[in-house]
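Each of the next two complexes has subunit A plus one other chain: subunit B in the first, subunit C in the second.
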Partner chain A sequence: MIHLRHATRRQVRSRARTAPGRGPRRPSRVAALAAVALALLAAGCGQRMPHHTEAELQGRGDIQGSIRFSWWGSASRNDKTNEVADIFEQDHPGVRVKREAADFSTYFNRLNVQAAGRNMPCVTQLQARQLNDFTDRNALLPLDPMIESGAIDVSDIPEDVLDTGRGPDGKLYMLPTGIAYDALTVNASLVEEAGAQLPPENYDWEDYGHFLESLRDGLPEGVSPANYQGGLPNFFIAYLSGLGEDLFRDGRLGFSRELLTDYWEMWVHLRDEGVTNSPDEVSEEPPSPEAGYVAQGDVVSDSGPGNALTPVQSALEGAHPGQRVTTLPLPSGPAGTGNILVSSGMAIPRNCGNVPTAAAFIDFWANDERSGDTYASDNGAVSNTRLLERQLNDPDLPETKKHELTLYEELVARHPENVLYPPGYTAVFESAFTRAFEDISFGHASVPEAVDSFFAEANAGLAN
Partner chain B sequence: MKENDPGGARGGVGTLPGPGAPAQAAAGGARRRGGRAARDNRAAYAFLTPWLAGVLVFTIGPMLFSLYLAFTRYDLVSAPHWIGFDNFRHMFETDPRYLKSVRVTLTYVVVSVPLLLAFSLGLAMVLNRGLRFLTGYRALFYLPSLIGGSVAVAALWRQVFGEEGIVNKALGAIGIDHGSWVGNPGSALYTIVILQVWAFGSSMIIFLAGLRQIPRELYDAAAVDGAGAVRRFRSVTLPMLSPLVFFNLLLGVVNAFQAFTGAYVVSNGTGGPSDSTLFYTLYLYEQGFAQLNMGYAAAMAWVLVLGLAIFTGLLFLSSRYWVHYGDER
Partner chain C sequence: MSTAPGLAAVRTPRQSRPAHRPRPPLFGRRLTRSPLLLAVARHSGLIVLLVVMLYPLLWMVGASFRPDNKVFTTLGLFTGDFTTSNYSSGWSGGDQLNFSRFFLNSLTITVLAILGNLLSCSLTAYAFARLEFRFKRVLFALVLGTLLLPYHVTMVPQYILFNQLGWVNTILPLVAPKYLATDAFFVFLMVQFIRALPRDLDDAARIDGCGHLGIFCRVILPLSVPALGTTALFTFIHTWNDFLGPMLYLTDPDHWTVSQGLGSFLDATGQSSYGSLFAMSTLSLVPIVGFFIAAQRLLVEGVATSGLK
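On to the complex of A and B.
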């Protein structure tokens, strides 16, 4: 039996070797399969870039077919956004707006993958801070020809605001639709309870320090005058702006090491003075303003998005009924205001195959009164001054929203500096800045060491 | 055996032509068999094609492409630019965060895997004592394994070990005051280790099955020889379970090297505080999808593959000294 089995195996192996069409053909079949698979892979990896006619580049043509539209935001913002898109569809029978919403924290990572597959939505919401991640890769169409042709009307958008959507080459790649600003968010009730006064108008960083010290002894136990936010890039940008210094110059850091050293030493001093909470607490603070420590009544003041006043007030009301929160401009400096504007807006990627409809949608979003009324400056003050006035004149406008929009008007009147964010700003600059300050906070590095490592990492990253 | 035996083409043991069959008939039979075999092959390829195409398109193709990308600078949109070994040089010579991520990951592997094995083996031994409601306990203890890797549980973990979390509340009740566990670089990594150990169910079930296979008479013989509980564990239980320890160790190490979700959620995707939870895969993800250095991320992925292969190889090499399959002579 054993013998037979061995003999049989040999014969079978021999047959397998000599069977016509077996051995020699196998590689060619495998090669053919591999070729098919790789072709499929190549086809699946990315779409072809469409060829746009001159008219399409000007946003002219039939407004029809479907476009994809992506944005970030919470559930309530999604509802408003959907409502605006619905109105546009009603105005243009035959047009379909396919919607893609995501949370802010994951939105740009998804967009990067879509950009890799040349599959970005025809109308893509962007923010000035990330805009040049995409202009640098030549992923967006300039909107200037569409403005010149009249497909997109920008006559009611202030020039300073419009400039926040320009790339390094001066072309407009994103139409700013909502303008955010950071503000000092302060729990006014706790300030009153501590027997202190809000900082005076045009206050500077020294005044802010005095304000925090005046709060220190009069607050309930466990409540800190400020969040320990030396690692918050927006606060530092306000500091720089007040000094008239550049954040970036020629794609590299535009300020000196000494300046950053002074800034971080100021924060370490505030911590030593006992007017901030602990680094542990800051590092575990939830990212959304509504869940932040000011909104929960655990901290009196912090830098936060000015347009989050309404949800922050609502969250504070839930946590500590009766407490009131307000917003102030960020501290100024010898060179003037510390505030800058951060715009969000809409862009059309090069891979869009329906540019006229995308341009029409952006024009509708930026100029139509129904759009302005429905969206109600949910993601920063509406950039169109006509729509802004309309909202401000609405007698039903909630008080906190009115405060948000009035403060925006006040800041725009100060002609804040326009920061041109280089590619990689968020991933490189913000991430390295926060981390370097964490190293100081947790005693892993001295201030000069952290400054050196931040400069090395940020400049190397930005150069890439 | 008839030359036109329909079973002849099946290629079975009894179907080969006998030594006395006429040569022509044998040749004809071989041709028919060849034709049938070719048809069978075609059918096999047809059935295999969807799987094969999937493997080629979704596994081997991307792997080969990522190997190519590892030697390029690639920002996801522009064409990849060949830079030779620069990514690998940058990794080991000029990127301090890379080395940090290696250190964090190795610490995680070295701490979490033995803890996981010890905990799951200990619990399996307790459950192997013939408890009542054993099935219920088993199901209960297995539950964390089903949900332990989920984003929801990782988010919950952040709450449990936060400044105001349940752990601090419990410690506060006995007079221990502690700050945030996830917000402190000294303890953040260990909260993720606990998350990993908490999902002990799979390895516990495997150990429990192994324990039930150990012959009772071995313990009886050891007891007769005067062996105490510790000696019985060292000389009977461990050697008999060693193949399963090896299996769980291997799985644990491979999983731990690739851990991502816990660190991503607990640190809000930053690897913080102060890079204390910067796992290798988290840094790889950050490089690829946030910093858009996909070439560098691909190089990191291949170094991880190589590292894992070496680690696994060493484990296999070491296994001949401590894993007993019961067939040693």
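On to the complex of A and C.
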């Protein structure tokens, strides 16, 4: 009965509420709700940056409290990174490093949202290719005052390498810590089997073409001399760099249409000569180096990350026991080396409330021997030459890693060109480049048509 | 169809084709009339189709038992190398991987999300299906309109809001909205379902003294079990598989979900562990398959009776 009485009261109330023509006449409540919603929205949009004192901007102050630190990588790199962060915490009692890891593509998706919410981690790992997406939004603090004050020591980092962390205004926004480079990954065993020779030192694109032709007839059934990679931006950047041309100039494409036409026609010619695999195969290739065609022994040579030599060799060993893979510099040109350096490093965002600790962490990462030994150039060769020498002198260093670091030293000695990537490089340039070449590969456009559409799309995108 | 077209209108029933006359077979002559043979043929066809559809999944399970560097060496299911090390190293390898915790985190978020959606979406649906109030149509159109908004559009404003509330790195951004009927799809699904229930039942309950809450709890909810089951199942699948939400809001590895754990096996710039990835992916499918089997009947009924496809 109690239930019934309650129900009846509720019924009366609900009837009153739902009687026809009697809606909720409470404009004041609706207005209040709208006001709260607007206030929340305004609060969200108007989130303020912390105010930094002069000393903080110089990285001076107490090293204490907690900082967030984010990087990209898989489980094995995460373990090494955690170890380095643990050593820093032990050195500085009272400091806590909160860690945020994700894989490369996911990492930048999240970082973009965090930057929009002004919630980037105090120590944020960045790459030169994406750096200006963030400097453009004025999201990062310049590190030069911290270097001048001595909070961050860069005396062991070569000037050429340090410059890869600069923004368009010449200020240093990212301290380069690991330097990656692309290399020609070649299955040396298959080259031997075909009775051919590896390309000579300082080889150019013509030599590369001859090398591929020399492989054509001596390879096992189903194995191609090269991946059909005319749509790979890094390969093209090497071509440009060898010719001494600029990739970008004043925020637009810095090279001519004729140059790109020549480049893509060269690839079409290579394919017509039968020294590459098919466009279908290239479009189906998985992105990670271990699953790629060179690592599986289906293709002899391709451009790939130089630091992927160790995992590629391991995968090739599984697929074709006994086969050996090696890396060479990318083809050179009349103006010199085709290789450029792609640096990864650490930046401090403007929203960071604990700049001194962040600066101390970056200094520790870049200079401490325990940091260098533990991380062991997992994400590109360590930028600090002293730490690099230590690793090269380590007798336990695996052979493939030693090769990777030695090749890096060789490339740095050639003073490679520094590319200043404009904001939107990845979103605009890379995707448009790959898509335009796919149009050629799959017969949707001729080379000049694809070049025109690429120029229109890339220049329009970069102008935004 | 031998009759001339002009006569069709005046044709009497007697003139029409006898009902018992067998229709000519659609694809040539029937080879056999034996029900057994027909059943065998039909089932063989279905089994072949099933194997083709399931093959990628079976390949993944097969690859999870191969050594890491031999994962991609064959399109077949089995090679001579058999190892279970992918399972042990994937489950708790290194100091960051801890799939016991990831499974627990995923389960917590999923259960809370299901409860939230069941509660809030059914209440909202009841209001839209049974109550009369001002701007009902407009509000319902707005709710449905949110279906058209891709998640990526609201991602940044939501992140800013949750960051202001101090909810980042907690499960609240993933769970709390579920208690506010933000999944318009399920609201729509249940509105359709509740509209199909006879209003006489509500009236009967009202005569017996029930208010709206009483009608909702005693009449509507018990009759809506198929729709609730469908909601629970889809919420389960969606929440369990969600990667973008946890990736944005759960940054501390202790709070990671299974999908984030799986993501940590791969990285285009370093060493990936495909063997462990496939091993843990296989395990992560178990709860979904189990839940689907348990709720299959409800799912079919829910989809059939609410007119959704």
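In this text, the second predicted complex is superposed on the first by the 432 of 464 C-alpha atoms of A that agree within 3 Å, B and C clash if a C-alpha of one lies under 4 Å from a C-alpha of the other, contacts with A are read in each partner's own complex, and residues count from 1 in each chain.
By definition in this document, contacts are C-beta pairs under 8 Å (C-beta built on N, C-alpha and C of every residue); 3 or more make two chains touch, one makes a residue touch a chain.
None of the values given here were measured: they were computed from a predicted structure.
In the superposition on chain A, contact of A:V428 is made with subunit B only, not with subunit C. Of the two partner chains placed around the shared chain by superposition, subunit C is the only one that A:A101 touches, whereas subunit B remains out of contact. Look at A:A335: by the touch rule set out above, it reaches neither subunit B nor subunit C.
Touch criterion met: A:P311 reaches subunit C, while subunit B stays clear of it.
Contact with subunit C, but none with subunit B, is seen for A:D79 once the two complexes are overlaid on the shared chain. Once chain A of one complex is fitted onto chain A of the other, the partner contacts of A:A463 are absent, as it touches neither subunit B nor subunit C. In the superposed model, A:E284 makes contact with subunit B only, not with subunit C.
By the touch criterion defined above, A:A180 lies against subunit C but remains apart from subunit B after alignment on the C-alpha atoms of chain A.
By the touch criterion stated above, A:M49 is placed in contact with neither subunit B nor subunit C. On subunit A, the surface touched by subunit B in one complex and the surface touched by subunit C in the other have residues 4, 8, 11, 20, 40-41, 44, 105, 109, 113, 116, 287 in common. Residue ranges of subunit A in contact with subunit B, taken from their complex: 4-5, 8, 11-12, 15, 19-22, 29, 33-34, 36-38, 40-41, 44, 105, 108-109, 112-113, 115-116, 133, 137-139, 278-284, 287, 424, 426-428, 431, 434-435, 438-439, 441-442, 444, 453, 457, 460-461, 464. Contacts from subunit B toward subunit A in the complex involve residues 11, 13, 16, 30, 34, 37-38, 41, 45, 49, 52-53, 56-57, 60-62, 65, 75-78, 94, 96-97, 158, 162-163, 179-180, 182-185, 268-270, 272-275, 286, 289-294. On subunit A, the positions that touch subunit C within their shared complex are 4, 7-11, 13-14, 17-18, 20, 23-24, 40-41, 43-45, 47, 68, 70, 72-79, 82, 98-106, 109-110, 113-114, 116-117, 119, 180, 287-291, 296, 305, 307, 310-311, 314-315, 317-319, 378-379.
Residues of subunit C that touch subunit A in their complex: 67-73, 93-97, 131-135, 155-157, 159-161, 163-164, 168, 206, 209-214, 243-244, 247-248, 251-253, 260, 263-274, 276.
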